[in-house]
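Labels A, B, C, D, E, F, G and H are assigned to the chains in the order they are written; within every chain, residues are numbered from 1.
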């Protein structure tokens, strides 16, 4: 058929294939979601439309649908299995959907996410107020649009890896996220790596992987 | 000949034509410098080579040649004539030539410049240490390469206009200053305007013009 | 909640946080507008939809809604508090929305704005007719799309700072305002700095800040 | 051999093949120049190095070598054969090599060129001083770097076709002539067409062709 | 009001101001069209919507509305006043709207246009069939999208100026006309100059100007 | 009329002109399809809308309309006439429309296509499972979006020419297919050439041409 | 060590690993060349400096060094083993190095190459003179810089696959070969696929592969 | 002076300020290196010239200078202090300098680096041979130029975080590393984040930070 599922992915990479809703029909998403939920103990879908959300919920009422994040998550065992937490820091209100996509992905991977909103660099004190919550995370995801300066400021204040997510928030010479992307790639601070524009999922995945590495002895029954 | 000097410029715009050294021969620069020094009481040349610097100095020993800034400045009356000062803040050591070009231009226009170096956002405390010197300036020029985040952070802390100068310092996805330029144009902070990449002169000029506006009653004999 | 308002911003930067309507729901804008109008004596919102305009007007009838500018402005004390005026010069009819955004912002900051329309460089005499009104301003905002040549011509005729605003007006190799942006950044005239494409707000803010600097002794009761 | 000369070009297009020096060896240029001078009554080479200039001069002393323009021109009958003249207007001193390439090409095609230098838009009066010389030309070539605004201003003042040549003069966000090129393509004035960055030859050729069209009855013996 | 008409334009440049419909309301276009038709003997509007077309036709039934070209043209004296003709050659069927905009503009300027369609370089014989009609024109406008190769081929076969118009026809790496634009600017053939992407108006205007130059003695009563 | 059909194309290039639906009206497509079906024994239309599909089917019920591929194909003799087959390999489900356009084109040209779906490089074993089917093809078309890495991996494993088709599938720094296009052009593997973004037709055509070359002796009666 | 040779490549892909000289030291190239010449019966190196050429020749005098092509080729059995030939057509003299790289690669792969020079589209008759030589080839490589129009014209005249190679020849808006690359990717003619800018090797390889496919029964002793 | 060292950085971020050699004089680098070696127990300099290397070695003979990596490293306690290792995988020989910069940085941060060279995707078996060494690492750095496909392939085979480093290796449409950068940002595999083009240091730093997180109980005396 149209899809050739990568069923051994969980074995190889530690996490099963994730459904990317963009460009799929509602029927395709529903069908793949159901089929994966039979094979794996965690199923995550991103970039889903409201229609997809409601159709999946109708069939699988235990699925968690997050409208802002545009995600669908189903976990046999919904509890976090890794200690420590991942901070998801977001510069402005409009960056929220991308930040929430990161949060859901972190949870899908068995870690706890702390969301810290609207702490852009134009009002540093808002960031300073939250700095301890940020510093004590195991990994820090920083989501920002426009000039994308927040990861540089944060990475200069902490000793943890920062995963930077540029967003397409802005206009004009922002060129749909290019300004934030270039800003993050050229950061003068150390300890930053970058994912694609608006790719909250990718950042959540990388952060979840790192936090898992720090939790080597998860008990068998809790596994993803 | 090759040049058609704009001799009424000082009358129209308040400052005489400035010599742009790039793409001119040493002979042309020397000749134009001498000829302008007969007509005006201030002569400024930017982007001059060392050779140009020494040849002009040989003929006009009172000229001030700044090797880092690549500028030549001659003023009949070298004293500043405007009160208050302009802060020239620079993110890294490599941004210094551009910052010094701004400093010389500010001085050429009769204002005092305070240079504050190496206070990039990756070490915020260095900036905080100097924040009062910055806040008390009439205008703030911020020179930064790489991600160009410094103007955003500063503009969020002050109530003065910030003139941002992106530099070509960096490599790779910096694309010769594009990342800093886009970062500055898309700043989430208010009160920032931007000049061309590496254009310390343009920033110094704009800042000098603003500071002059705040000093309406310069005495006739002190005029530029 | 979704927003972490920067309530000390007025103290730090001289002007309270401005609401950016793009990407917010009508409900969010109404709520933030009302809440800010309790804390500050001036509230400005930009990039608001007609729906936002009418909903805010219904609740706060004294607010000034400008449909062309897409702005909402409420001022306890609507009188200008700074002397002198800011010229907002605009090249073509289609640049008007951006120019009006600049005008509203200038007014929000307590200055007077003079709008001068449709004086593009293809008909120089139209500009010459208005040149005195432009020359006598304290700051000049120049709004232009297409090749963005107007700031160069004006800056060569005046001794005041020019804030240039490229617009996305044009087509083809205009690349949504890139041609005007690059033109303005590379101007051969002195005394120009540039803000983002279509950023009338940013230009108005910077100009308002500069004019305020020239008016040091505003009486306490008139303050923003 | 390495070259397959287009010997019927003069018949088809009214002008013989022109030698483009870039990327050729001195030997190749000398050889092609000599061989073309036997077949045609006009030979033009552009983008020649000094070495090429001297080697061709040694063999063919009647050739005219222009070091600034980097051109070599030999004409059996050096007199202009078309009435009227072509104005070659140039914004700054650094645009001169491109302007001179246009001048030589115009002459090669049998027309008279009037060169008008250093009349950039930042000092409009310099342009106004020359406006009659410009207006009375049959065709106007305008050479400008940086923001490339000069063609817009001129085209608004004349009723003749303007051929605009962007140059790579400038730095930073000039991106090697891109800013001038985009500016000229997006001009708000009418009657402008554009050639490649630094392509003085192309502009001279197009202008020469147009002026020839206006001179239909050149006597046989004067022909190119 | 919103528009500051350039009423002396016809005197300065030989043709009155043209109405650019894009970004104007139907009301504005109708109003300006009527007002210009009282002052000038030719009125041209481009980029008009169907709505604009019908509204203007209702009020001024003698106006010629061309739906494909998106133009409105009214001429007191509709006859061509210049001898010779301008060939408008177009590579593919989808380039037709741009080609027709050029045709209307040529007619507005008093010249005759010959439209030659669908002669793209992939089927050279179609071009060869029409080559005499093309060669005998006074000026040749070539409209092409995709790789924009047609002007190079034509300019190599004729001794008349070619005005090349890149169109946005194509997809993928066409980047909305960039491929055709760059192709035309870099042509290896001589005698080509280029206007903006999709700018049929600009090409028609330049061609009309050139043809007018070749017709110096138009009788007074026939003038535009 | 609007179209100047290239009726000798089949003779010159071995395949008749193909109808490109984009930017044509349904009426035009129906009319051209009918008219070509009278002259040629194969008619192919690409980029057709559903409306076009149904209108052509109504008139010519033997036509094959492929909704995913957006193609219409009519062949007098529907059997493949060339031996061997062309593999059409596609990285993800969303690349399917482009892959199917290639399949239809291959069939139109008389060859057999084998479609192999969803074998992206993130799950190599899926590719390995199909490697023999791929290796035994005469030509391999590889369709991929995002980073476009699949052609590199395949070309390193086979001794057949690979035609790579970048797709616009992806978001953010994908820039509408640019990332896949650049990836394919810069492949470190040998034996790859590339067509335009989303140009399944172009790849199918090139592959069909190559396979035909390998089948020199098609019997007269089977010819396209 | 520094290199991990892919010794099974000849078995997998039909041709052994090729040495890419760029960024390697002369010592590395000499060493790898010698070592490969012991394992394989054909060794090809591209992008070699003159120094590399002479050092390899000193040790292995039977190697063929092509200075223009910057290639080194050694074949145990230097005779072509495939019937038919590959046409390598090149637009201008400056495209020759890239064309010669293609020629050497074709020869390395056991096919005959026919080089056809300086037949750019500005003088079509030069192309027409050679059209039969081009038409009778099995595969056609077309090398062109500037606007890259030659492949479109040729593909419209032949029924063989065209491999297009854009070159970096040109200046200004050529952007180092981008104009030719985009032109070729957007060709309106069918049967063209494209390789990287200046990648004569890639085109020669692809063409060699196709010609080999048409020669299925090469005798064992002649194999590469 | 010219530098304002960030002396508390080690306390804040766990690693002292690193010296970036580019754009500094040899004197400046020597001076800063000596001064930092008095304050910290690890000093790292990157992008150093040979001259800088020798001058620092002369004064501080225990420093380790790596000519390929262009790094200088001095560690009081040269032993690794973290368990596990970081794989540095590199696609081609020319990517080595960037890979070695990553290796040195990993070592500076107290971790062990395993370098795996020349395993590009065009010869998959070379990668498969090393897959266990790669899989067992704690973090994987993947360095690749050209199309940058290697991180996608590796990330699909492992359950560890992959830090991807695009290099500027390649030519033409590689645009100095842009193709590899975009490829990596758009990877279809999960668990990848990206640093700037040629930024081996940034990748090494991020990987070192992650490995340190997994080694929480380093004994006091071993600390950096």
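Everything that follows uses one rule, which is that contacts are C-beta pairs under 8 Å (C-beta built on N, C-alpha and C of every residue); 3 or more make two chains touch, one makes a residue touch a chain.
Every value quoted in this text rests on a predicted model; they were computed, and no experiment measured them.
Asks: Which contact partners do subunit A and subunit B have in common?
Replies: C, H
Asks: Shared interface numbers for subunit B and subunit H above half of all numbers used, same, or below, different?
Replies: different
Asks: What chain is the most remote from subunit D, judged by the mean position of CA atoms in each chain?
Replies: Comparing chain centres, A lies farthest from subunit D.
Asks: Applying the document's contact definition, name the chain pair with more C-beta pairs in contact, A-H or B-D.
Replies: Per the contact counts, A-H leads.
Asks: In steps of 5 degrees, what rotation angle do you get fitting subunit A onto subunit E on the CA atoms?
Replies: So the angle, rounded to a multiple of 5, is 180 degrees.
Asks: Centre to centre, by mean C-alpha position, how many angstrom separate subunit B and subunit G?
Replies: Centres of subunit B and subunit G (C-alpha means) sit 52 Å apart.
Asks: Starting from the mean Cα coordinates of subunit E and subunit G, work out the distance between those two points in Å.
Replies: 44
Asks: Taking each chain's centre as the mean position of its Cα atoms, how many Å separate subunit E from subunit H?
Replies: Averaging C-alpha atoms per chain gives centres 58 Å apart.
Asks: Between subunit A and subunit C, what distance separates the C-alpha centroids? Give it in angstrom.
Replies: Their C-alpha centroids are separated by 37 Å.
Asks: Send over the residues of subunit D in touch with two or more other chains.
Replies: Answer for subunit D, listing residues that touch two or more other chains: 9, 12, 122-123, 155-157, 172-174, 178, 181, 185-186, 190, 196-197.
Asks: Going by the touch rule stated at the top, which chains touch which?
Replies: Touching chain pairs, listed by label, are A-B, A-C, A-F, A-H, B-C, B-D, B-H, C-D, C-E, D-E, D-G, E-F, E-G, F-G, F-H, G-H.
Asks: Can you name the residues of subunit H that touch subunit F in the complex?
Replies: So the residues of subunit H in touch with subunit F come to 91-92, 120-124, 146-149, 152-153, 155-157, 170, 172-175, 178-190.
Asks: Using the touch definition up top, name the residues of subunit B that touch subunit C in the complex.
Replies: Listed in rising order, the residues are 9, 12-15, 18, 138, 155-161, 163, 181, 185-186, 190-197, 202-203, 205-206, 209-210, 213-214.
Asks: Would you tell me which residues of subunit C are touching subunit A in their complex?
Replies: 2-4, 6, 8-9, 12, 17, 22-24, 28, 166, 168, 176-178, 181, 196-199
Asks: Would you pull the subunit B residues touching subunit H in the complex into a rising list?
Replies: The touching residues are 93-94, 96, 117-119, 122-123, 125-126, 169, 171-174.
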